[in-house]
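What follows is a group of structures, each given as structure tokens.
One chain, chain A, appears in both complexes that follow, with chain B as partner in the first and chain C in the second.
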Partner chain A sequence: MVRFKNRYVLCEVVAEEPRGRHCIEDRAVATAVRDAIARAYGDYGLACCSMSFTVKYLNAYTGTVLLRCRKDFHRLLCSALPLVRQLESRGLRCPCFLSTLHVGGTIRSCQKFLIQHNRRQLLTLLQNCTNEEERQRIRQSVLSCSLTEGQSQSGDEEEEDDTETD
Partner chain B sequence: MAGFADLNVPQGPDKKGLQSLLEAAARRESGSGAAAGPSRAGGAGAVRRFGPAGGGGCRPLPAVLVGYSAVALNHVIDFKEKKQEIAKPVSPSELFPSLPIVQGTSKQLKVLTRLTLVVSDPSHCNLLRSTSSNIRLYDIIAVFPKTEKLFHIACTTLDVDLVCINVTEKLPFYFRRPPVNMAIDRGIYFELLYTPAIKDSTMRRYTISNAISLMQICKGKNIVISSAAERPLELRGPYDVANLGLLFGLSESEAKAAVSTNCRATILHGGCFPAVCADWLAVRRVELRFWAQTPELLLVYSRNSEECLWGGVHGEEASQG
Partner chain C sequence: MAPPPAAFERRVLRNAAGHHYLRVRLELPDGGARPSAAQLKQLVVAALRELHGEVGAALPVDVLTYEEKTLSAILRVVSSGFVKLWSALTLLGFYQNRRCAFRVLQVGRMASPNVSSCCVIAWLGEHVAS
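Moving on, here comes the complex of A and B:
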């Protein structure tokens, strides 16, 4: 059966300033990646990678981005990702870089990886907790990390203050 | 599997900037931000970000960790300027009271010292030949030859660990096979920088063309890719650097080795294991490769005769000599 095979690239947007988070939106990321491919590979590269290129998932709080491209051209995309230097949206410019976390063939495999990755992050944050209440919340979040069969929409919407220890 | 290493972090006077760069290289904590909303990944929970709870004196972490387990602070000496004294390397434990912990493991980031000599005249190499004690105190010694003759000398006779390849301008000379093959046999690695490629498009062209001309001669062996990042934003994760290696003409496995096993072999070549002085012993290249793949067994051979001087089982992390 002939079917189009895709590759899903999971990246993380790393920015220096906290206010840069507002720049992270799908159109800004797509434009920035396209520009980087154009600069590195020119018209040919841009044309190849645009065949099935979209930003499938974006989480502005954690800076996680899931990109899709054709399987044959995912090398072009992956090698052009380090050349992204800034994101622009609504006139705001935010210097940042993209760090590749995982390349998978399906969204589900990237999802599984992301869950494990987030769980590890939570455990690291658990070590740096300063008060008991945060500790409890993080423990709760870690326990609720799982891939459930009917996409549960709960997410723990916890507005926690950030503690910047200086 | 050898951990990832970035062997070129320029050592400037700015201590805090350097600290933040090291943290960026080792740790994965992004800057402050409110907690996450619902994540699509089936309730992965709130991922909270807040500044590092690091030791006193380090400012809030700007960048996320990318996953390097070793970093070498680079001190560049340029002989064209007035005669500079080669100072003793500052020990990393003095500069950084607390080293960040590498993400994914529980070990601290390993910080090494490195000296780069920019040579444009054969008389500058005399410094390397003299048994000056200050030079030997650095963990890695690199040379940056500017002419073909110096490139030949560096590959064949000089006792260095890394030969830097110029990426910021068109190479004034072509690579030839004999010195490159001799360097590969001696265990010397060629270093490419990737930060100029990220910053500027003209530099990118020079980097790619110089790198590809090197690849055609050395077939992708003995390459180390490192950053010369002055700010945390210029750093890239090891997988991204391996992908950049694909741009430079390496194959996928060679590119990954350029960031991990080759770096480890360079560090070993620099003489980081105890009871071995880099002057009078050389670990043969075959044994170095073997070490890099199976860290348990290490055999050390003498330079002159073929007898095995020392053999033993060694742990994953060799302590510094």
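Moving on, here comes the complex of A and C:
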């Protein structure tokens, strides 16, 4: 009857430089978010959010991060996310920002949203392609996605990480 | 050509932010330099910043009266930040590396009429609550 309810916040790490991708690690993201909460909400806020705080899923190619926190304090976490300005890992520092995509109660709902979001992103990228070669590469990579025995992610589709067009 | 008569307007805010008042006394057991009114406000804001971060430090807190001899003051805070202020005052332990403690003597929602004479309040108000 009484159970701990969590909220899962799906965010995207947006970095200006392409080599900032190497900084995206779960420990780096967790420390950066914790520091932002500590600065904004002090010791009390840090303790509240840290009760069930983890980075559940991280995709360095697309910059997708899934954070978990207690249901009562998810507003604290969501309001502290815009205050994250840089990620530090292994001595590398890359300026970036986190944009929140979706807040859900279960990992499954976040996964459903992520699948739809990635589908829409692929369509947008296909439209924004400038030359035919990139278009062919995207089409090929989409057509070659298949469910094999070795793959564990059934729904996530990987994007090309060199077609960063605004 | 004459301007239209001014219409009478009456606004009632149902959930208007009320204020809570605290009468506190700072205990400094060692006989060192006593903080002035501005230093007391800085101490209160630093306590809020430590426990509740930037959001807590941005709470509108005013020191309405302050007596340096007895180190007692009356603080005013918006009602939504009352719990944050009281918890921050409770957990404050140091002032300039000296042990100290805030004793909360009285709390209320209306300032008591027998605080001080009005001109003293006004002077301290504009000196400290800036």
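Things worth noting here:
One rule holds for everything that comes next: the second predicted complex is superposed on the first by the 128 of 166 C-alpha atoms of A that agree within 3 Å, B and C clash if a C-alpha of one lies under 4 Å from a C-alpha of the other, contacts with A are read in each partner's own complex, and residues count from 1 in each chain.
Quick note on the criterion: contacts are C-beta pairs under 8 Å (C-beta built on N, C-alpha and C of every residue); 3 or more make two chains touch, one makes a residue touch a chain.
On a predicted model such as this, the values are computed, not experimentally measured, just so you know.
Contacts of A:C96 after superposition: chain B is touched, whereas chain C is not reached. In the superposition on chain A, contact of A:R75 is made with chain B only, not with chain C. When the two structures are aligned on the shared chain, A:Y44 is found in touch with chain C, with no touch to chain B.
Within the superposed three-chain model, A:E132 lies out of touch with both chain B and chain C [touch as defined at top].
The wider contact with chain A, measured as residues touched, comes from B rather than the other of chain B and chain C. The residues of chain A shared by its contacts with chain B and with chain C are 39-40. Partner chain C is touched in their complex by these residues of chain A: 37-45. On the side of chain B, the complex with chain A involves touching residues 28-54, 59-60, 62-64, 66, 103-104, 194, 197-199, 201, 204, 232-233, 235-237, 239-241, 243-244, 246-247.
Interface residues of chain A facing chain B in the complex, by the touch rule stated above, are 12, 14-18, 21, 39-40, 57, 59, 61-63, 75, 78-79, 81-83, 85, 95-100, 111, 114-115, 118-122, 124-125, 128, 130, 134, 137-138, 140-142, 144-148, 151-166.
Of all the residues in chain C, the ones that touch chain A in their complex are 48-56, 87.
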